[in-house]
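Think of it as A, B and C in the order they're written, each chain with its own count starting at 1.
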Amino acid sequence: MKRWLSLLAVVFVMMVGMPASAFAASVAEPQTLRVYNWGEYVSDGSDGTLDVLAEFEERYPNIKLEYTTYASNEEMYAKLKSGSASYDVIIPSDYMVSRMIAEDMLLKLDFDNIPNFLDVMEDFKNPEYDPTNEYSVPYSWGTVCLIVNTDLVTEEVDSWNALWDINYDGNILIFNNSRDAFGIALKRLGFSQNSTDPEELELAKQSLIEQKGFLQSYVMDEIFDKMESGEAAIAPYYTGDGLIMQEENPALEVILPKEGTNLFVDAMVVPKGAKNKEGAETFINFMCETEIAYANVIDYLGYSTPIQSVYDQLDEEILNDGVSYPSEEYLATCDTFINLSDEDNKNLEEMWVDVMAAETGTEGGNPIFLILIFAVLFGLSIYRAVKKHRNREL
Amino acid sequence: MKKWLARGYFALILLFLYAPILVLIVFSFNESKSRSNFTHFTTKWYTELFHNELIITSCWNTIQVAILASVLATILGVFAALGINAMRKRSKALLMNLTYMPVINPEIVTGISMMLLFVYICGVLNTFLGEGTVELGLWSVLIAHITFCVPYVVLNVLPKLRQMDANVYEAAMDLGCTPLQSFWKVVIPDIMPGIVSGFLMSFTYSLDDFVITYFTNGSSFQTLPITIYSMTRKKVNPQINALSAILFVVVLLFLVLSNVIQSRAEKQREES
Amino acid sequence: MLKKLASTPYVLWMAIFVVVPLGMMIYFAFTTADGSFTLDNMLQIGKYTSIFLKSINLAVIATLICFLLAFPAGYLLSRMKTRRQNMMLLLIMLPMWMNFLLRTYAWMTLLENEGLINHFLELLGIGPLSMINTQGAVVLGMVYNFLPFMILPLYSVMAKIDPSLFEAAADLGCNPMLSIWKVLIPLSRPGIISGITMVFVPSVSTFIISRMLGGGQNMLIGDLIEKQFIGSSYNPYTGSAMSLVLMVLMILVMAAIGSFEDDEMEGIVV
């Protein structure tokens, strides 16, 4: 017995006294840098590409990366907003950057630590979402495209309407986040993707509910599998990712719809509460290095680059593939998300839950039923309690 | 006839329970990433798995939390059971209700309610200590795990205490033991089976918990279930299959071993 | 006296980490973002009636299927020889120890359009059937994950039933069906109740099974709550209101089926 106890005590002291890091071979006292990025959004060394994160740790042996991922801007925002977590570097999209600036959630960057910022193309400096360019450094940019499996879809597709085509019942995927999904619905109806007009939004919401009837599922990163393996026929997604899927499955075609689409920039920022701001700036600077950015954004991600020296090295093939760097005229038809007011954001989020919650065919369900269920259960429990009480008295 | 019907029925239930797991295991040796076509035999996913730093770290985190939580929960729970056993009916009933709370509450409710508390604590501390000093992590996961584990210890130890003959404790005192001695030498050995099963239950629940950890883990403290969840949401990665196969074998070994030990102990008891 | 004090740390612990959080949840359920009292959060739930009804509906179906599968299994198990019994129990418990995310993931790969089951069906000349992302898939996931939780309590009460009771019933003229109805079912009531609780509660509140097998189209209460806290926005006010309703629903269900009636509530813990 005593032996057991002392053994337990030893194990216990060991566990309390030793943080996980004690098990890693430590060089000096490594500082950690917590990076929170989109899933599938950094080159990880698979298929002969450069493992960017490993490269970073090799270059800066005193910095230990803690890399975690999120599936959408909204998920990342919720996590930060709840105050349950803090990070050193995050990579939100344009509208989310401006929302976070507006809500005072970001730190101003020290650009002396980010000399590679000079290499950012002029078009991407002082962007709308960060007009004074004090908070962000662009990571990559791109558009939202339609990905079509030509094995399953024989007709020519050039419009968002394809996502509402009943012929592909059960074979359509759509974004599992409010902004992108509403963006597509609005654009299809000919409205601005930044519309806050209640009537336009209501129409978009109705069309998303209608679409639910022939949808396969709502997806984010799960889309890679589903499109590559031929699980689904048509889906919208980020163009760079579409090109990656095309490499895996040549039957896929990447199409920019004629109505125009969403143009986005994802930028690196440092949120308030960061514990290693200097490390964060080192990381941001590293990601902008020509070689790294080329390996990461061009070789691996297939997105478009905001870095001049990378752009200068691009192959003709990429420049002319029609989707990575669309023409000026096409870009003019595209919208970039702007930050909505608190009220509008909340509204959009609620409408999105409504879409997700909607039962096709029925209108929301009558609350009376719910109240009825509660009443019946309550009645039953009272009945039981009374019966029990009586039994006891007998 | 009847016998065969029964056997057939069990065979079907077992097939239902095991087929999916076996498929995962078979496909962990599949060269291609496809989940329906078996191309070539390979063990590369296992090699990759063992080099996956995230999985190794989260494994370690999971074990760390499980050991700490189950040991602390056991200590807390044993003392609680001792106290509850000595209480009068009314206060006992009150405490038992409190004990059942985390057991009967849906996990998600426990999870979000604890998240609310932890986030509030963080908020208060951060206003005093400066932004970002305190955040959810090991501490919050540990507290949450202890909280849902203690009731199981209490519920396992309490019946053993009730079965115990109170006179034995007094007899030990009469024979010259100090209260502490008689506690260690008489009470604890008597309720040991309850303590062990409470401990094991806490340990396995903690190892396996996803929902409550999901709401209380903060930014970078990942346990194995959390890592598995994030893996299932991305591009398919056959390392998941390899991981399933390994976990299956570990669980199998553990259960067989514990069964052997148990039946051996029973045999010994019968003989003596 | 000293002995009573032994539970003080526990009482404190449970007060701080169980009672206070639940209290906060109730508080949030009835407040607005600026801290004033409101009933709005609760009234909002009316909008999501269909989700609540669907969750209850699917969970009831899953519980029923579990019961129908587990009742014969539990009975047969309880009539086996000890050695065999232990072996079978082990086999039934084993999958329970695997992480449930992995088990659900396994079904995800099986049910896909291009999955293994459809490949088999193709060989037989049937299908392909679309199985993933349907309500059926969600129910299947629930049954698969929680079936052992129904078998084990049923088995443990049935094992305690004296076999001579069935003989007596037969002697008194009961046919087998009648003796199941008159003897087996009434005597295994505690097992049935705890089995139902242990399948129904996690089924109603799950968000993983519906997400992985339902494709986000089959949203359940759990998903709705998760979305308020981590999924897409941080809105603890409506989220707490929903959780409160869920919690009350569970307590009422348990009270209504009589889970609280055994003084010790044994059986809830296997």
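By our rule, a residue touches a chain if its C-beta (ideal position, glycine included) is under 8 Å from a C-beta of that chain, and two chains touch if they have at least 3 such contacts.
The structure presented is a predicted model; accordingly, all values stated were derived computationally and were not measured.
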item	value
Centroid comparison with subunit B (C-alpha atoms), farthest chain	A
Which of B-C and A-C has more C-beta pairs touching across its chains	B-C
Rounded Å distance between subunit A and subunit C, as computed from the means of their C-alpha atoms	32
Chain centre separation in whole Å, for subunit C relative to subunit B (CA means)	18
Sequence positions of subunit B contacting 2 or more other chains	35, 115
Touching two or more other chains - residue numbers and ranges from subunit A	79, 82, 229
Per-residue multi-chain contacts in subunit C, two or more chains	112, 114, 229-230, 236
Of subunit A, residues touching subunit C in the complex	72, 74-75, 77-79, 81-82, 170, 176-178, 212, 215-219, 229-231, 346, 349, 352-354, 356-359, 362, 364-367, 369-370, 373-374, 376-378, 380-381, 384-385, 388
Of subunit B, residues touching subunit C in the complex	6, 9-10, 13-14, 16-18, 20-21, 23-24, 27, 35-36, 76-77, 79-87, 95, 98-110, 112-117, 120, 143-144, 146-147, 150, 152, 154-156, 159, 179, 204, 208, 210-211, 214-215, 224-225, 228-229, 232, 240, 243-244, 247-248, 251-252, 254-256, 259, 263
Complex contacts: residues of subunit C adjacent to subunit A	45-54, 56, 112-114, 130, 132-133, 215-217, 219, 223-224, 227, 229-236, 248-249, 252-253, 255-256, 258, 261
List of subunit B residues in touch with subunit A within their complex	34-35, 54, 57, 60-61, 64, 67-68, 71, 115, 118-119, 122-123, 126, 131-132, 135-136, 184, 188-189, 216, 218-220, 222, 230, 233-236
Subunit B-touching residues of subunit C, taken from the complex the two chains share	2-11, 13-15, 17-22, 24-25, 28, 69, 72-73, 76, 86, 88, 90-95, 97-103, 105-110, 112, 114-116, 118-119, 144, 147-148, 197, 201-202, 204-205, 207-208, 212, 222, 225-226, 229-230, 236, 239-240, 243, 246-247, 250-251, 254, 259, 264-265, 268-269
